[in-house]
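Below, each structure is written out as structure tokens.
First chain A sits with chain B, and in the next complex the same chain sits with chain C.
Then we have the complex of A and B:
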């Protein structure tokens, strides 16, 4: 009965096509908005966003420098989406990633600036903080069946205000600028070791965060698909009763899923703030990184490697806003476009479904003539 | 009955799924006021054909006629407009709604957008009275029995004035008493002029209620016969293509040492404040099949739950081969000699979104055979799954990597039975192991269970099917309201005697409450 699926019928290929369609559609809608704002300069504006840092193509050093910055800023986004998709594959929707990211940044900045720890201890502190936040949601889910989305949202706010309180103190925050102190001036040994910064135009923010992110994605890919551990987590996520029946510790698995997801989110924060590229300012809303991670995870087809590509793409567009001519456009237009693309990301599954429907029809007609059955479907069928 | 008065005709229907032709040139003609059985094994294409009629699938070829006129049924709404109603095998009810709300759902009576339930209630109660379909209109679906849920589904069709009623394996989930009642109701409905399509693979039921019977085999139309002219043996050989024995051939049991010994087991009920299982004691020896008979809901589920560890025990002791396993984990029990075919295959038995191969190793994925240093041995799992699937004739569209959700119920059940029988065990606990299976598969599983017994396994069978109880078991224990009220020998007892025990009218001496 087993047959190789034809190229376009493979689920992976379909996901990729659907994601690309979403991205193109987002760019197109973005263009329409530019057109509405300033018709005569719309094409130019779009060009600037898409051309992005390639604008500096006369100087490869500058070009690489800005390329590096995009990579640095994409890292936390990618890691947040890895955290989301890890939990999602195990059947949990961890919207608490935003809060886990926040306490991760709290832990990494506090240990770096106030306590003067080395970078790797700061990273461990961030991981522990994120894991603890995940544990709390997981504990309530496993023990009392409290929905992880509700618990996650609550923990997001608790995490945000806790962070504001702790990082707002004199030890960590420069009261004159309302920003946390620069790590470089306070405790340079808390900065992540640099990596290939010469290649990227001496970009001092290029650190080991980039290769580690790729490594994390590969580890998640392996854990989810190749290990008994991933098998257990996914089984528990899909059907907790069956997991219990099979002798798995379902309670432990639910908690563990959210602990790991939280740990990745906390890690994401440390991989960003410990480069020193940005300082934390008091905020009245939860950092959007965790939420954008959701969209990136879906745009990436819920695949650990897909998330890397999707994350880079989204960050590329976000950065593109800086290149808009402010005489004609508000630079936030790029944010708007990203928002639209993120919105359309929700349609990846829908496009996939649409593709299947269309293909099924086309193939049916072929079948009538050649009697050659096709080989994959998402439809329910009795065999 | 007018000879050519067909209310529904399905002519030369063809429906394909990837890798399989589910319906190949099938013709089905339903006369007005008849009960027409649709007989076929699992995967013969019965459900697909009915889904085509109900508008869930669009056929590649063929026409459907209503009252002689060709109609297009593109979705269930079209079917409803044509007066076609269906009771699905897995009920389509909203659990947290009341009975009344479920019945009017989709056809809510209203005035200016406000529900007018009073009229609906009156109408439902009238229908309920008229057809003797007892329901409590204000009970929530999640609180009522499966039998009552089915009556709700039937009322739903009647409320919509449907004249063609499809029953998709309606008896699979019912107790013997409920089945009798359903048969009566179906006859009354037919006498009223409703036309009934009755999907089943239970020959007794066909003989009892159906006028005519169409037979499908592996997606092909075999023929239509008048039920009164055909014997059960003829029907079953038409269905499977060869003759099958309906009796289980087995020698007398030669029980040896005691494998399972339960002493004063108690399990608290989740529904009320009493024990669901109260002071139950019995034993099962190697080489015998002990069957727990009883009407659904008398503590069988909780008893098995307590035994396997799915439910907490509130008192008593369980010995397996002399070892006290009362407080051991589920995994310990799994690995120390208990195999368990669970009652609810979707809830406990399978991870529906996993592939067939992943389900085949559900309890064993971590064993050295299937993994090394935490990494799954995918090739081993694949070949193991393929072997089991072949041995137990588990059919699936895409082999080992088929997502189990897309397989038919019968094949899902076979996969579970295959997995549990293949695991090392001293005791096999099988709860309704043949639920929803066709005659061929039932025969296979019954033989396999007897074979297990002869190999020296102890077998605890929990079944609601009295035929299965009588045919298969070496000893029968009857459970009533959480207690074992009697033990009988299947060779000397009668169905009537069993019925008395099951309904609580009779108790053995010494088993008084």
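Then we have the complex of A and C:
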């Protein structure tokens, strides 16, 4: 019994170490890129990205304001990654989160600006839209055996063009600026209620989205690990035939997984756009939020709470790009760093394998390389 | 109408090449979701060569160097997938997605730095102009203005069909996508074959990328990537059931719908319908979803695709 518990803890610790290694390697490669672009200002640039909003440490109100902005922008990212990891646990790679997020955005902005609904109705509309998009992918997967990645990609583009058509209309979009109208001026009751905004330097975008996000993560954690439903989803993901044989309705589970995943993605969009922090502009490519969510999900070790930490970290880096001196660098360097970190996430399995191999070898012959990961595991455990 | 044919030919050329790339990769057992990213890298390298070549370069030089640069960049970027998925057994879907993100971000950063350096810090855009290069590829046959790219695509398609069905090498490659253990047992190096598959997809993807950005345009904004063309090619590949000749047919079908969105105003009976162009944009995706729904039940995907090859596993 005791042995089993320590093994699980060890696996969790390994995931954390592997993720930290990914993040550090990504930052290091990012530094190399800065060096290649402008050797004399590379250290300064890296410092600006990492120092981020702590640049304002003289004034605690400004500092908290920018900290709040980072939190607000991290919310949709975290929720998207929750959507992805939920589906992934059930064996489905829901790349359609990007499209489900987009239709969620469409529903929340249309109901808020054109229909003048109050905020909670807008949120429900966004959830419904995301769920519908997820349902379509799930339906094609369960009924016609269409790969959910391909179906998701198709639905992403259909969702994007639909959003462009609907939000491009005169009712929702200010034709002179090509942006959707500001919710505050059109229909202030569609804005999410604020939360702790005084603590964060009167940041008016600080809303209940933040505590809700944490709540959603905890609910997902409980559903996946403590309920029969979660167990069924995971079983279906592991082996669909075995799950069917054991009396589970695999078809229903596949569809339901993608519906829930889509609902979370749609919800993510409403939790961001209904703060009023950003307006939608017509776009020729699917919003990257869903794809970045994949990154966050993997960086967070596919754990609902890990996703929160990873989401904050990725958003921190992305925002860091804005603090770069544009005379020497362009802000997309931060995006590049994020992309590299995701790429490195693919190697997590390998890192873990390396650590496990190290453990097995250490029993028979001791060498430097195998000792290294072992000693770090024990250190981290104490923390 | 002529415009419709021109656009259809261009899109078909892009889709055929990129889908063939995807096919070779999947036939060897590696799902290549990073085709989009490979196209971006290929397109960027090709466009940069066209910008850099001196103004008195001959047409042939421009054409050959551009194509070499695009295919080489495609192959190099496909190594990102090969190394991670073959040597390190990484999740192929994740790596493909990462490559797509990496490509767009890297292309933006590189092109911006390139522009800044060339203009002494006055031009910070992620845009490349290559009017001269674009013109070098044009070829007039009567009223129809086609491009060398299309001829290239046809030639490569024929080569690919012959290669795919008539050579020992391709047979071995296909074996690795169906049953790598069996292939290994008769002395085929599965890792090498999968590398070959992924590199071929890089070659075709890179060429597809340069055609996509240079055949109908003379400037390109690299912050947009290639707007989903790589994903569309994946749908073409599945619709084509991982067979080159069927891929060619489905590519033409998809290309017709795609070009309708560009030129619907120019065709009388379509213009009268007053359907906004965006709706035509949705068409290929809706059609492919429906077609996939009809064909996926008995789809013949390579059996071992997506599964990292482990010598020790049974």
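Everything that follows uses one rule, which is that the second predicted complex is superposed on the first by the 356 of 383 C-alpha atoms of A that agree within 3 Å, B and C clash if a C-alpha of one lies under 4 Å from a C-alpha of the other, contacts with A are read in each partner's own complex, and residues count from 1 in each chain.
Keep in mind that, in the parts below, a contact is a pair of C-beta atoms (placed from the backbone, for glycine too) under 8 Å apart; a residue touches a chain by one contact, two chains touch by 3 or more.
Quantities reported herein were computed from a predicted structural model and do not represent experimental measurements.
K.L.:
Does the superposition put A:239 against chain B (first), chain C (second), both, or neither?
P.N.:
first
K.L.:
Which chain, chain B or chain C, ends up touching more residues of chain A in the combined arrangement?
P.N.:
If we count touched residues of chain A for both partners, the winner is C.
K.L.:
Looking at A:12, would you say it contacts chain B, chain C, both, or neither? Reply first, second, both or neither.
P.N.:
neither
K.L.:
Who does A:229 touch here: chain B (first), chain C (second), both, or neither?
P.N.:
Only chain B; A:229 stays clear of chain C.
K.L.:
So, A:144: does it touch chain B (first), chain C (second), both, or neither?
P.N.:
second
K.L.:
Could you say whether A:247 touches chain B, chain C, both of them, or neither, answering first, second, both or neither?
P.N.:
Touch status of A:247: first partner only.
K.L.:
Which chain A residues are contacted by chain C in one complex and by chain B in the other?
P.N.:
In chain A, nothing is touched by chain B and also by chain C.
K.L.:
Under the touch definition given earlier, write down the residues of chain A that touch chain B in their complex.
P.N.:
1-3, 226-229, 231-232, 234-235, 238-239, 241-248, 364, 367-368, 373-377, 379-383
K.L.:
Can you name the residues of chain B that touch chain A in the complex?
P.N.:
Listed in rising order, the residues of chain B that touch chain A are 16-22, 43, 45, 47-48, 60-61, 308, 310, 329-335, 340, 342, 347-354, 358, 362-363, 365-366, 371, 374-376, 378, 395-402, 405-408, 411.
K.L.:
Would you tell me which residues of chain C are touching chain A in their complex?
P.N.:
33, 80, 84-85, 88-91, 93-95, 97-102, 105-106, 108-109, 112-113, 121, 124, 223-225, 227-228, 231, 234-235, 238, 276, 278-279, 281-282, 285-286, 288-289, 292-294, 296-297, 299
K.L.:
Looking at the complex, which residues from chain A come into contact with chain C?
P.N.:
So the residues of chain A touching chain C come out as 33, 37, 93, 95, 140, 143-147, 149-151, 153-158, 161-162, 164-165, 284-286, 288, 291-292, 294-295, 298, 326-327, 330, 332-333, 335-336, 338-340, 342-343, 345-347, 349-350.
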